[in-house]
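Paired with subunit B in one complex and with subunit C in the other, subunit A is shared by the two complexes that follow.
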Partner chain A sequence: MTVAVMKTKAEQSFAEGFSEVQEKLPGSTAVRAIREEAAQRFAELGLPHRRIEEWKYTDLRNQVKDALPPRSGEKVAMTIADVIVALGPLAHVDAHRVVFVNGSHRPELSSPGGLAGVNIQSLASALETAEGGNAAIAGIASQHSDAVMALNTAYMSDGAVVQVEAGAALDKPLMLVHIRAGKAPCFAAVRNVIEVGAKASARIVEAFVSLPGAAGDGQINTVTQVNVGEEAVVTHVKVAADAGEGVTHLSNWMSRIAKSAEYRGFQLTQGVNLARNQIRIDFDGEDAKLDLSGVFLGRGSDHIDTTLVVDHAVPSCESRELFKGVLDGNARGIFQGKIIVQQAAQKTDGKQMSQALLLSENAEFDSKPELEIFADDVVCGHGATCAELDKDLMFYCQSRGIPAEIAKVLLIESFIGEAVDQIDDEAIGEAVMAFARGWLS
Partner chain B sequence: MAAVESTIEQVKQIDVDKYKYGFETDIESVRAPKGLDEDTIRYISARKSEPEWMLQWRLDAYERWRSMTEPTWARVHYPKIDFEDLYYYSAPKSTEGPKSLDEVDPELLRTYEKLGIPLREQAVLAGVQGAPRVAVDAVFDSVSVVTTFKDELKKAGVIFCSISEAVREYPELVQKYLGSVVPKSDNFYASLNSAVFSDGSFVYIPEGVRCPMELSTYFRINDMQTGQFERTLIVADKGSYVSYLEGCTAPMRDENQLHAAVVELVALDDAEIKYSTVQNWYPGDKDGKGGIYNFVTKRGDCRGDRSKISWTQVETGSAITWKYPSCILRGDDSRGEFYSIAISNGRQQVDSGTKMIHLGKNTSSRIISKGIAAGYSDNTYRGLVSAHRKATNARNFTQCDSLLIGNNCGAHTVPYIEAKTSTAHFEHEATTSKISDDKLFYCMQRGLSEEEAVTLIVNGFVRDVLQQLPMEFMAETQKLIGISLEGSVG
Partner chain C sequence: MLEIKNLHVKIAEEDKPILKGIDLVVPKGEVHAIMGPNGSGKSTLAYVLAGRDDYEVTDGDILWNGESILEMAPDERAASGVFLAFQYPMEIPGVAGLTFLRTAANAVRRKRGKEELTTPEFMKLVKQKAGELNIDVDMLKRPVNVGFSGGEKKRSEILQMALLEPTLCVLDETDSGLDIDALKVVSDGVNALRSPERAMVVITHYQRLLNHIVPDKVHVLAHGRIQRSGGKELALELEKSGYAEFGEKAA
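For the complex of A and B:
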């Protein structure tokens, strides 16, 4: 029984909106063709809905009511002081900043160039050249293109194209700052493309924040593509902490890890009304290591979904995932984690853990940790738990004179601290914890 | 070291490369015409002299089934089934139902003897002294051949008979409970079963009665090109207890045969049902030719407060297994348990697991699943644990372990965990590993062959579940594990 599916208002607006802004979007003729193809693909697929297994718990067709207009052209007046305000605790991290406002690169707000061993370009300018366009589009991102990715490919307005030279070691973190600002709610599609050469080391922070006074609503669709070269060491942190009340954050991380490389990823999501964080990790060479962790904090009617796929295609790799969620009010948290071990991937060591703390009666946590294993000489496991705050621990704290409210915060802090501790940069870790503390109080 | 010795002994006894129960009984049978339409259903219903309401129920189910599509979400692959190319009813030929065991076709009795199923009560009584007695309902293709110990059970007030008989004799009970756990529109195969189910067992344990003996059904597919659709309904009234065993085998054939059963359990206040299955349908040959498609819907409803349902299953047979024995924990303080061993070898595909649906307050559930994949097989655990908003203090503990033997098989875990209340405490744990070389070396160094060592280690791996099985099944299961894994090493 096939039924013709009606296009929702949002689907229609996204499709129609594309033809309106198409001309204004950056890119060479080849890029334009790819954008059109992607728009076509999105029109065919529509927004993902719960009949698609991967989207079982997050029904974008239902939850994204309308498409906000993309405003990549309009410039919101801002100063560096504004950037610091928007960054909050992250402003204390001594980093090289590349700033984007509403999906457009703002060189005047960014740190002046000149970071040794790194070449940074804006995506908009990279797309104008055949080479840059290729790097941004033809990478792994194109291989796993769902409707959300297609939407990004069609609409992407800007982002950072970062190349860390082989053997280079960045002395301070590189921070890609995406700020939502201005009174008019808008839709921004950004893409960051990060290439880390062999034996190089880099710490990269992506921040998705808002300027106080920004519109309450906003839609962000972001794709980050990371290629970790052989024996390279990369720390990659994403902070999505918005002050708006109706913000949709759709994100895709696509990382490929080469032989003997080490990749440490972390994601913090808070203050986002509807978030879907998709992570896909491909192991491309033996003896590589992955350490992925995250914290999601939701209250009110927040809906935060983390869906990750770790694909072990080659032998002797190690992967660790640890995700912690705290849910209050009517918030709903979702964790779907899939570890695939292909037949060739002998000696794989994979472990995954997801834990949620439910603070209110109406909070909900759904998890689906999956193992898909085709090789026999492996050690793989996953765990998932969910519960309320431990009453015994609360009692212990209170019996020692700590007021209930503070005891609660302490316990939650220590709960998420375990995941935050996975960040191997102290300053970044502290900033992340400060964000979480801000949310808690 | 007695356990080791007996395991080795059992392994030795098994014919290499032979499914022990693969013989065929040469017996005349009566069949319904091939294919499925309303007439087939009327034919089945008429053969069973069913009342009008039963026929109507079947026809409704058939109507629903026609509008449904085959589910494709499970991780199993098989050519499309032609539902028109099947016989939906096949019964050993006999004019009237046998009055006593002496009237039963001796060929049939020999079959069950060969399968090791005791049908003669005297034989059972005289046989092993002191061994627990088991009442058996033997289902051959589409009909129940004989039910033993009926009289003795009657004295205790327990009703144990074939479902066809129950429809005639106890219509009010059947009408009240049939389809109340698995509705006739539940899913594709359950609807098909509701339309054409031919036989199965019915059990009713009255209030406060502890069933005096183990009850058991033995299913046997014999005829060619037939599908078996049996239906089991067990109702445990307030404060009662019953332990029920189910076994199944089929001859070796090149064709795939369909087995789509439905099992419904209802436990009222303070009642307990323990349901154990040893599923040993013909799994097909080593190249994946033939074998049974086992598409089964099993569900228990802990309807009453403080009720308990426990599923224990040992899945070693079938070309394809698609089966999720579930518990609906509706009553307050009710408890559901699921213990499973699923072994796949050759080209077998298993997609099995459970659902624990917490609705009442203070409900608890426990899932222990052990999957073992060898050869070219795929073994998937798929499960759901959910707590409804009002299911305060729901507790679940889940452990799924998979063991891989060889590099051409797959083991997968797909659990869904949904907590809609903060008071739910859910814990889920899953691991996958292979038999470590150290363990193998240790066993072999003590004189065991590699195959014996694997069997021993596997028996240890599944011990948690094995312990949940009734005594009668434990030995058989240990033996089965030996057979199923044969040829998987080296």
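For the complex of A and C:
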């Protein structure tokens, strides 16, 4: 006997919504079939809830009250000046921009021309071809698909398909800009697929921002798949810095690192009411390096969850994770970090650290580090700390004439600075810090 | 003028009294030394002057230029001229020394109704003051006091003092940890700040410092009270006899 679980309002709307928009979504017949399958899968799984181990701190079934409608077909009038306003501090980074608004590519708002060494296509057009559709859907993303990913596969409306040629060294960062705009609250599912060829080097920024005046509510479901080729060096930064009151940001990074490659990832999350940042890293070749860091800032009822899995399947790789959160009001931060070291992965060197600064009595931080080690010759460690602002340091600053509010910002900046410093691009690092500073004041 | 009247202090979260009725007057233009055995309450007095809230004033008052400062926050006290050079200067990881100094200098200037320093003005000033104290400006690009040696930390305190231009300087064992040359450099730095407008309280264990910074008065603090006051020769006497005579009767 099977017991039918009651569908929540949101689950029903997502399921019913799909049949309404399915015709308008881009893709070849094959892609359509995959979408339908994914929608079916989502309908079966429902939204993840706390009885699923990985979701025990973030109960989407409970926390996502309703599904907002996708509006990728409707065009919000915008100018490049608006893009600059929406980007805030990131507008100062000299980058090649590819702009999306509410989940649709907007070539007229993007940087003209191309970027030497890179082939960029919109996901919507790639999905129309057999080859492009395959690249977007058949990659690692399909191997670790959960309900949130299935929802993305069903609904994804656009994104960027990026191919960095082998040996190319990009002279500018590539910025994939996803803007939430317009008075009508909406749901946007986007997917970026990034291939970096052997020995290439690239800096890629994903920005999830909103235009002033945008609806207070919004839902983003984003998947980014990165393949870092042999000996390639990739810096990958995601900035989710919204200004709405009720924004849900569900993200998935799926990155695969080939032999002797270096992958540096960073995520900033702020101004988002409910965030789940999932990161899955697979080491695919020896001597590769991973440096993953992030900053999350929450206040009010914000709930920000970072859940990552680093899978060392091959020997002699190094992984570092450093995540820092600042939580005020009733905000809740979650960090779940699992490092898997498979039997073959001898000489693995893995270290993980998560730290939270609690600015109020009601703020909460839950940290769940996990090491699953099956090899014997490895160096692995993890740690987590949770603290309040250091009273003694506050006094030291104040005794030098620095008012308490400024001292507080100074100390918080120094706390998160350690993570932001992991970004090896000065302009991007400065922009990230400027976002955080904006949030603090 | 600094006037400390019948000051009683305990640790905020405990009932343990530390200062049990301090009376002390330091007129502008004078330097007063405070000596006394370990644990007698010297640093406590210094912290209370600067406004640290781990301590609670249970009786008495502190007047600076005729006004009570007890209700003032530490940064307000700093703006009104109070500066404490810490016995154990703190490290602030992640905050560059120059950023810290500039934030502090400008915060104080704003409160005193002065123009903020521009970056070039500030850099010029820092270079000059750091040079006088034998501090390498490159060190100030590092986080505040992080990785500094004991002596470097003490010099960095005096640099902060020189930049903030206080009128009440409280130096808590600034001499401990300094080598002979550094002691001279720091003393010169302190002496350069001596002026008819400034009052200074110098806490020390060693008479040696007082050869460099010659005090107008020396006070012995033991068991939470000023037990004796005298001229600079009192320091020499203590050097010989120690604090034995303040042992029993005081408590």
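In this text, the second predicted complex is superposed on the first by the 437 of 441 C-alpha atoms of A that agree within 3 Å, B and C clash if a C-alpha of one lies under 4 Å from a C-alpha of the other, contacts with A are read in each partner's own complex, and residues count from 1 in each chain.
Throughout what follows, a residue touches a chain if its C-beta (ideal position, glycine included) is under 8 Å from a C-beta of that chain, and two chains touch if they have at least 3 such contacts.
In this text, all values refer to a predicted model and were calculated from it rather than measured experimentally.
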Inset, instruction - With everything superposed onto subunit A, say whether subunit B and subunit C fit together or clash. - result: fit
Legend entry - Partner chain in contact with A:N62 - subunit B first, subunit C second, else both or neither: neither
Inset, instruction - Look at A:S125 in the shared chain and tell me whether it touches subunit B only, subunit C only, both, or neither; answer first, second, both or neither. - result: neither
Inset, instruction - Kindly classify A:S19 by the partners it touches after superposition: subunit B alone (first), subunit C alone (second), both, or neither? - result: neither
Inset, instruction - Would you sort A:F395 into first (subunit B), second (subunit C), both or neither based on which partner it touches? - result: second
Inset, instruction - Considering only the touch criterion stated at the top, classify A:T79 as touching first (subunit B), second (subunit C), both, or neither. - result: neither
Legend entry - Broader residue contact with subunit A after superposition on the shared chain, subunit B or subunit C: B
Inset, instruction - Could you tell me how near the closest CA atoms of subunit B and subunit C get once both structures are overlaid on the shared chain, in Å? - result: 13
Inset, instruction - State the interface residues of subunit B toward subunit A in the complex, per the touch definition above. - result: 67, 69, 73, 389, 402, 404-434
Inset, instruction - Would you tell me which residues of subunit C are touching subunit A in their complex? - result: 50-54, 73-75, 77-79, 83-84, 86, 89-90, 92-95, 99-100, 103-105, 107-108, 111, 143, 160, 164
Inset, instruction - Would you mind writing out the residues of subunit A in touch with subunit C in their complex? - result: 391-393, 395-404, 406-407, 410-411, 413-415, 417-418
Legend entry - subunit A residues touching subunit B - in the complex, by the definition given at the top: 1, 53, 343, 346, 356, 358-388
